[in-house]
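Chain lettering (A, B, C and D) follows the sequence in which the chains are written, and residue indices restart at 1 in each chain.
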Amino acid sequence: MKILKSLAVATAVSTLALAAHAETKIGMITTLSGGGAGLGVDVRDGFMLAIEAAGRDDVEVVIEDDQRKPESAVQIADRMIQSEKVDIMTGIIWSNLAMAVVPAATAQGVFYLSPNAGPSALAGKRCHKNYFNVAWQNDNLHEAAGAYANDAGLKNSFILAPNYPAGKDALTGYKRMYGGELAGEIYTKLGQTDYAAEIAQIRASGADSVYFFLPGGMGISFLKQYADSGVDLPVVGPAFSFDQGILQAVGAAALGIKNTSQWNKDIDNAANVAFVADFQAKYGRLPSLYASQGFDTANLILSALDKADVSDQDAFRAALEAAEFDSVRGDFKFGNNHHPVQNIYVREVIQEGDVFTNKIIATGLTNHADAYASECNM
Amino acid sequence: MTDPVLQVHNLCKSFGALKASNDVSLDLRPGEIHALIGPNGAGKSTLIKQISGGLTPDAGRIEVLGRDVTALDTVARARMGLGRTFQISSLAMEFSVLQNAVLGALGARRARGGRLGLFRNVMKDTALLDTAHESLARVGLETAAQARTADLSHGQRRQLEVAVALTLKPRLFLMDEPMAGLGASGSKELTGFLDDLRREAPILLVEHDMDAVFALADRISVLVYGTVIATGTADEIRTNPEVRRAYLGEEELT
Amino acid sequence: MGRERVFNAAMLLALLAVPLFAWGLDEPFIITLATKVAILALAGVGLNIALGLGGLVSLGHAAFFGIGGYAMGILASHAQNYEPLFSWPFLFEGSNQMPLIWLVAVLASAAAALVIGALSLRTSGVYFIMITLAFGQMLYYFAISWSAYGGEDGLSIWVRNEMPGLNTLDPIQFFAVTFVILCLTLWFAARLAQSAFGLALSAARQSQERVETVGLTPFKLRLMAFVISGAITGLAGALFADLNRFVSPTMLSWHTSGEIMIFVILGGVGRLYGPLVGAAVYILLEHLLGGISEYWQIFLGLLLLGMVLFARGGLIGALLGREVAHD
Amino acid sequence: MSLILILEQVLNGLQFGVMLFLMAAGLTLVFGVMGLINLAHGALYMVGAFAAAAVAGWTGSFVLALMASLAAAAAAGALVEVTVIRRLYDRDHLDQVLATFALILIFSEGTRWLFGSFPLFLDVPSYLSGPVMLPGGIQYPLYRLAIIVIGLVVGAGLFWLIARTRIGVQIRAGEADREMIAALGVDISKLYTLVFALGAALAGLAGALVGAIQSVQVGMGEPVLILAFVVIVIGGIGSIKGALVGALLVGLTDTLGGVFLPRLFSIVMEPAAAASVGASLASMLIYILMAAVLLVRPSGLFGGSA
């Protein structure tokens, strides 16, 4: 049974509380309206694909739109925990929203499984026994890009990211693995759409490659302008700017670019093949990275529910930690801080007919754990 | 003879090529009504604005009570005791008549160094209310005290303008066409009132109603194209050939 | 006057009754919603002093809302992490005591309002709207890149701050705190509107010339109003951050300024209880429409539009008619 | 830093300024003639970009896409003017702010409903893609040069329209005195619709031109809207000349500030910190510029009294 929106809170009071004792209630807060809605829609669709396929009538999912506003995410979380008494929460896309919601949610005894954001604080000092990250720690894809740059023999990178915490983490992550020189390091304005000035600096810098982290529309703008500028240094980026959802908007400008990801649709395992086919059949588009993360999150929850009731927190937690489900990434396991230890691949943007997509060309990091695990006392 | 309350020395103000004030000098002595007349566009309003502080002159000097106020703003001049009424009503239209008068009383209190309260209900402040009611009574607006200002007739608004000026207990008045829109009986009443008022403080009066001007004014200055062409008593002005020429065909001097 | 007074009392009672009822039903989230209404109404009451009474259309009040929020976030995070905020002239380790946080929030936002107001009030009309917007944007971009306090990620504090004698984590008790502050502020705003200062400020909105002619300085009146207005909005910001146990640059964005302004206009500009009505209706709409469609903002937009075009004077104006003169 | 790089950055600032001018011209015209603050101007920019992307995807022609952007934005502008905006002319600024804020919500979510949540694709046409070599050895994207040229041509056309044509006379008369144009026997409501649609079309064109090198997505108009307001406030509201000067000033300040401030700070700081602090200050720079201009000239550079 699924209820997409709980309409009037006031009416749904006591009756549910009685009937719900055998049910597991999952609260999903994600971004479904405004500029960043594409990511939330994918996470939701991937998640619900798995839930519906399981066909369990004792799992109920409540979905709410956070409008990408931390304040409204916090309030929805309060409502889900206090009023709808959810057992498990998930869905948040952005690190700043996760930082606003997760600590309070886990402190109130709710499990939180992150399908996307992985801020370093939650992986390190502020890790929590009820917090699991199913996607990655924020630095991971950037670290893989740094490692790939070494493998590819790049010696003089120009790196840029927006001037906000995730941007700084990204460049820090890249530099952690990368061994060469830096031709330049630029922080751009958050939400910037014109990169002519930065591209001119890249041109003048004498770099042999470019690494950038510019999520969403910023990345589209950068890539189009870069392709048009005549600068033809190799570009490396994290998967976010080459993901299925926005790749069509970038178009041919992205062809051939290397990007790092823990998942791709051509990873060859039964779960992934079925996932890609089912997702396309149901929604009429190729699944994205975010959809795969939503799908894995749901399957992890379902696998744990098969072993333990969520009301038995210790048993349920142990079942989550075991992570015995068929991940579309292949092997999947958690580190001590409940973040994935996984392979991160290098992909290349290709064209299949009319559609732009990725194929895996190398493995950037193998069984990689994040840099903050040692700070977590768990 | 006592010193003038207001002295204007060689005031000049141009707007582009237009000389709105061209070397204007005049004064206002205690106890007198000094009327300023002239055809439309002669620069009367511009002159009044410079005296009250709303416009800065290009050259010249203005003294109030012997002090040079040329560089002071409207507020400072008002606090020195310059009470002004406007040609185009500038009252707070959403307020009641009484509230407008209380505002004036408040200004007077502030000028004496009092503070504006943040908590006490100003409409229950008896000292302010007394001043306000007294001024309203003097211009005959007492019965309309609770009316909304926007609902007043034009004539009543002029009366209220005068009443607000009265609450300030000014040392001199600047009145810009207080008779306009009053009707025959109204102007007659106001004429009588101003006649008495001059003993409280002298009045620089800009007025189109020539009956009132010649009935009231101790002295009259005639402004034409920004220049004072004559100053003198009513009789002197009536017979001045230059004035007659300037007014020929404009208005009949009686 | 009589009718509006009855209406106002009914609004306050409703704001009090809904969470009490929800408390009885054990529906803490409704209490949280009511708390949000009370806090946003407080921010609106602050803006309304500048906007309604003073006629100062500030599109930068998010600056004060955010400063209040950051005052809370900074004091509380230092207290939680045992990192001294400063050690000279005396050692100060931050604080998790609400009264002290409120004091700092009020002082900090008042100081900011003094500076921003003194510069902005040199302009008027559309230019004033835009220069206040510019100051808000400056602070917004500053907060985004101020990594010491979380930048874009914002600052999360894990537990709500403390209030002597109360358990603020209990929704109904925290609601009581905000409700009392709202009531006190409404009382203060009512006194202010009737005071000599309020009369002069309101006159300055209607006719600048008039106020100058009676010897009062409009600039000083407006600056004072702007400072009081900013301080109240700052206090609301501190409470809002405490409600969410979180502060981020979003509080400083121009959307926040727009929303606070919408509360005021929706309820009725210059109406004492306008912001309360506006905030309550806005929050209610947000939650009811949010359940109907993913595209609920279209409906919100249409409703707002209809309100502006056909219900002049805001909701209270539409319900109760033209405001009578203060007396 | 080489001279070539500086010149290239100046060109970039110029191009950014020209784009801003297309946005700001409509905004300032609408304010000057009708006295209206239109927050929904950014939504018309978005409409232009989406129309261009849709038509380009459909026909493959960039020229048709640009024409579609003009037509769609003008039509949307005229529709909004007739149904909503004309009821706002005699309202105060507050009502205008609220109503046009509501229009933003309607346009944004309506566009998302029609086109979905994902960005659309719009590319530079092949005959304008790639860089060209300018005299002095500057390698510069042809498309950006084209934007500068198109913007300047449109700007010149606008000045001509206002200075030389009958409609221009009516617009100028309308700025001076609304009753006067009625006395001239002009149908005011038609003129207003026309001016609004003209402003909308310019915004739509800007959206389409920029859409080809940026991302065509919901909400793309808002950052530009704020910048356009900064521009017209700096230039003086209602003045086309002010909009041009303001746009170039903002474009150059933003671009050059972003490039040079971090370098300036790197003299006294370590590179990573300098990059971060410099970038922070650069993002505040145009607002600082605007506040400074208004402090010296409270009605902007070319503004009369507001």
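Methods note: a contact is a pair of C-beta atoms (placed from the backbone, for glycine too) under 8 Å apart; a residue touches a chain by one contact, two chains touch by 3 or more.
Everything numeric here is computed off the predicted structure, so don't read it as measured data.
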Smallest count of steps, each to a touching chain, taking subunit C to subunit D: 1
Intercentroid distance (Cα basis), subunit C paired with subunit B, Å: 44
Whole-Å gap separating subunit A and subunit C, where each centre is the average of the chain's CA atoms: 35
Euclidean distance of C-alpha centroids - subunit A vs subunit B, Å: 74
Separation of subunit B from subunit D, taking each centre as the mean of its C-alpha atoms, in whole Å: 49
Two or more partner chains touched - positions in subunit D: 108-109, 112, 276, 279-280, 283
Contacts with two or more other chains, residues of subunit C listed in rising order: 141, 144-145, 147, 295-297
Which chain pairs touch, all of them: A-C, A-D, B-C, C-D
Complex contact set, residues of subunit D against subunit A: 1-2, 4-5, 8-9, 12-13, 15-16, 108-109, 112, 117-121, 123-124, 129-131, 139, 141, 143-144, 210, 212-220, 223, 255, 258-259, 262, 271-272, 275-276, 279-280, 282-283
Interface residues, subunit C side, partner subunit B - complex: 191-192, 194-200, 202-203, 206-207, 209-217, 325-327
Of subunit D, residues touching subunit C in the complex: 31, 37, 84, 87-88, 91, 93-95, 97-99, 101-106, 108-110, 112-113, 226, 229-230, 233, 237, 276, 279-280, 283-284, 287-288, 290-291, 294-295, 298-300, 303, 306
Of subunit A, residues touching subunit D in the complex: 33-35, 37-38, 41, 163, 168, 185-191, 193-194, 196-197, 200-201, 203-204, 216-218, 220-221, 224-225, 228-230, 245-246, 248-253
In the complex with subunit D, residue positions of subunit C that touch it: 51, 57, 59, 119, 122-127, 129-131, 133-135, 137-138, 141-142, 144-147, 254, 258, 261-262, 265, 269, 295-298, 300-305, 307-309, 312
